[in-house]
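Heads up, the next two complexes both have subunit A, just with different partners, subunit B and then subunit C.
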Partner chain A sequence: MTTDASTTAPPPDADADAVDRAAPPRPPVVSIAVSAVLVLLIGLGVAWLRGRDDPSAIDELGSELPVPIDAPALTLFDTDGAPIALPDLFDDHVTLVYLGYLNCPDACPITMDVLSRALATRTAETRQPVQVVFVTTDPARDAPDEIRAYLDRFDASFIGLTAASDAELAALQDALLVPGAVLEPADEDGNYLVGHATSVFVFDDGVAHQRYPFGTRQSDWERIIQEHADALGDAAR
Partner chain B sequence: MRFWCSQLFEPWSWTPRPYVGVWLLMALAWYDRHRALRRVSAVLPRDAVITTRQRWWFWLGLFAFWVASDWPVGTLGAGYLASVHMMQYMIYTLVAAPLLLMSLPAWRFDELVAKLHAERPMRFLARPLPAAILANVILIATHAPLSVDALRATQVGSFVLDIIWLVGGWLLWVPVLGPSSDYQMRSLPGRMIYLFFAAQLFAMVPGGFLTFAGAPLYSTYELAPRLGLSPLDDQQLAGAIMKVGSLPVIWSVIIVLWVRWSNQEQAQQQREIAERRRNVAG
Partner chain C sequence: MTLRSRRSAHRSPVPACVALILGAAACGSGEAADIDPTAASDPVVLGVYVGATPARYDAPAYFVIDQRGGDDEIVEMSVERVGRVSLMGADAEMDVTTGEATAGDDAGTGFPLALAAGARRVFAPGGDHVMLEGLADDLAPGETLQVTFEFARHEPVVAEAEIVQLADLLEVDMFWEDGDR
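Up next, the complex of A and B:
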């Protein structure tokens, strides 16, 4: 009795196997491409859904203030100790105002960094009327020379200001329609965090119409700065 | 204690932060393999069950998976540095995936494919063209800013991203290192060419986008607490890693394949010479 493969009876699905061998299925490249598009669309969809509820989403950027805010009639002190009247400082400029503190672990350095990088991409002509003002919400710890050194890490043109008293700081926050900064309980080393507003207020020639929340990205800031600088230039002409 | 690493929205800390999900998944992988080995040991001779080398590949692959997934690499990659995110991708795709694939005996690989009812898709996906397309689709889709920003924000999303990378790595390597000959490319030069195109050449394109972009592309890393590197420098480093990070692995494998091919050719030539001599003598 022979056991040669050629003489053994074919298994029941041999015909199907033969067909498979004779005509191998064509690679469904189209299916792969469609799957790729689906993966991308799902990714985009998830991102869109997330962005819709995210307060830092682009639609929420530049949320219009309920009422325009005039430069607060307050005098603060710069890092050289010189008094600076805010209306005078903001006059004829696009002024980006941020309230923060030097020991801030997240929002403050990120915001300063993003602003400095966005400004660095603009032309000298665009940058010329734009100024960034950092007001400390922790005057007890933030000495003027430390504020100067901190801001120099980002951009030497950034202006650091300190309120003369807690009442002045509170008045500034009231004027900007933000809640007052809150000192958190100190740890055993005496270190503490300060809860504070993280929006950047943009004053055009002494009047703010918009504030931009934390999460505004460099590419957004490049556009915002350009638009405000252009608008100021147009108004001057 | 968190299940999987994802964006933390808090300043970086060097305090260790183990992730339960990573350890559970590793334990599950070990247990499932251990059970399969015990079951087969009863019917197959010891050498046919698994080789010592395959045991080593398994533990090394598991170690690479752990390094890429757990603190600190997992945490840094999920929410702080795009360059570490890219390193994670490289470890999953170019280290953990091929090592774990090589750790599988052919019977185990076939068994897993059968268990997943994936014979047909696997036969198709193990071909060089579909495998190369899929690996690069995964590369591009999982590095698109919208995908990264959406997935990295949650633990589940971050887990999905890591697993996609690992599975994508398996699919990339099956035509070259597949334990079962059913799914492996036969031609050694073909494998070399496949690896060069699938894992090296196409990655240059998205890598270039990251390197030459004028602004940070990923909000996850742009708005993360800083860790020394500026977001743009970090992104450029990520792009450089994507472009050249695979070089040592890919070219090492290509060299090994080339040496093997050369040895095969020499052996073939010697066989032919011996055959001719026998014919002449006869």
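Up next, the complex of A and C:
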């Protein structure tokens, strides 16, 4: 857009000199305002471009944890029934941890789908150090084979874990500084609802610094995972 | 790694209300004080979306509805190819999602849903949502479903729901605050 009156197209029946002479002098305050707007627009554009390309902007997508969280010293069980020590599992990986349950129709499947699609954009090589761990908050209903089938719907590499007891599950939630999952009373059909945290915790080589809230989009996850993978690679060098 | 919080970077449902009280007053945005609550009901369904889901699982559905007339309430919803429809709530402020368990019956739970005069109700991912149980078959992206809203003071409204990939539900503009785009 131009704001220079001398470039305004003349009426069909007028010559250029007439237009220039006819143009009233622009009041200084208007010119200053126009200049200020242009400078502002340019500044916003530069800031947007820098923010888009600046990897540090990724950090702002998450919430910093009050303190770094080490991989909880707990042993859970995978969908084959094998014991899995979390510190060992998280070692040398970027691990995305989510607590949910299979009957959840909303946050759980959406989060799993977003993560699977974000990971699908990576090559086999860059995908390798990143793992997704789903821990059921409803172990009474979520049988290991059901968890496996549920996760396979999104990505067969996703790891499903079950705590050995309510106390172990509580210990995991305490370690992650999230409210404990709440199981509502069952109705006459035996159905019940489960309240649970919906953030994804990202552990870098066994230590989590931040969590990402529900609603983080696929494009943002692609950048988040890339940054955490880069940090993991830097630490290994 | 230096970490900071930027809440606006993720998708916060509109409104970000605590919704463990689905049957209570509307918590939508745009409530107009000059709407006569006794005026004729005039609900307008702005959009309905359903997450693509295999038949063996429960599917999520979301909608935005404006009540441009007086007070009303949704007394029931039905969705083709779905056995049971329930309205669920979430407490997003505490990073906890949970459900609303009201009088359970075959028609589903969570009804009636109050629609205050001049208010908007938003059922969005991570917030209030609709749970679809008993799917007749897989719900695939690109398909549509007929959704019928039944009201206490208005004729039923039939809307066409678009089935989308679950992750794409986070990209539906109408569910999110303007500042989040």
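In this section, the second predicted complex is superposed on the first by the 177 of 237 C-alpha atoms of A that agree within 3 Å, B and C clash if a C-alpha of one lies under 4 Å from a C-alpha of the other, contacts with A are read in each partner's own complex, and residues count from 1 in each chain.
The rule is short, and it goes like this: contacts are C-beta pairs under 8 Å (C-beta built on N, C-alpha and C of every residue); 3 or more make two chains touch, one makes a residue touch a chain.
As the structure is a prediction and not an experimental result, all values here were calculated from the model.
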Partner chain(s) touched by A:190 [first = subunit B, second = subunit C, both, neither]: neither
Touched partner set for A:121, first subunit B, second subunit C, both or neither: first
Partner chain(s) touched by A:66 [first = subunit B, second = subunit C, both, neither]: neither
Touching partner for A:222 - first (subunit B), second (subunit C), both, neither: first
Which superposed partner A:110 touches (first subunit B, second subunit C, both, neither): both
Contact breadth on subunit A, by residue count: subunit C or subunit B: C
Which of subunit B and subunit C A:83 touches, first, second, both or neither: neither
Overlapping contact positions on subunit A, where the subunit C interface meets the subunit B interface: 105-106, 109-110, 113-114, 117, 214-215, 217-218
Interface residues, subunit A side, partner subunit C - complex: 56, 59-65, 102-107, 109-110, 112-114, 117, 150, 153, 178-179, 182, 184-185, 187-189, 191-199, 204, 209-210, 212-218, 220, 231
Contact set on subunit B toward subunit A in their complex: 9-11, 124, 127, 129-130, 133-134, 137-138, 140-141, 144, 146-147, 149-151, 153, 157, 214-216, 219, 222-226, 230-232
Contact footprint of subunit A on subunit C as seen in their complex: 1-7, 9-13, 51, 53-54, 57-60, 88, 90-92, 94-99, 101, 104, 125-126, 129, 131-132, 165-167, 169-171
Touch list for subunit A against partner subunit B, complex: 25, 27-29, 32-33, 35-36, 39-40, 43-44, 46-47, 50, 105-106, 109-110, 113-114, 117, 121, 214-215, 217-219, 222
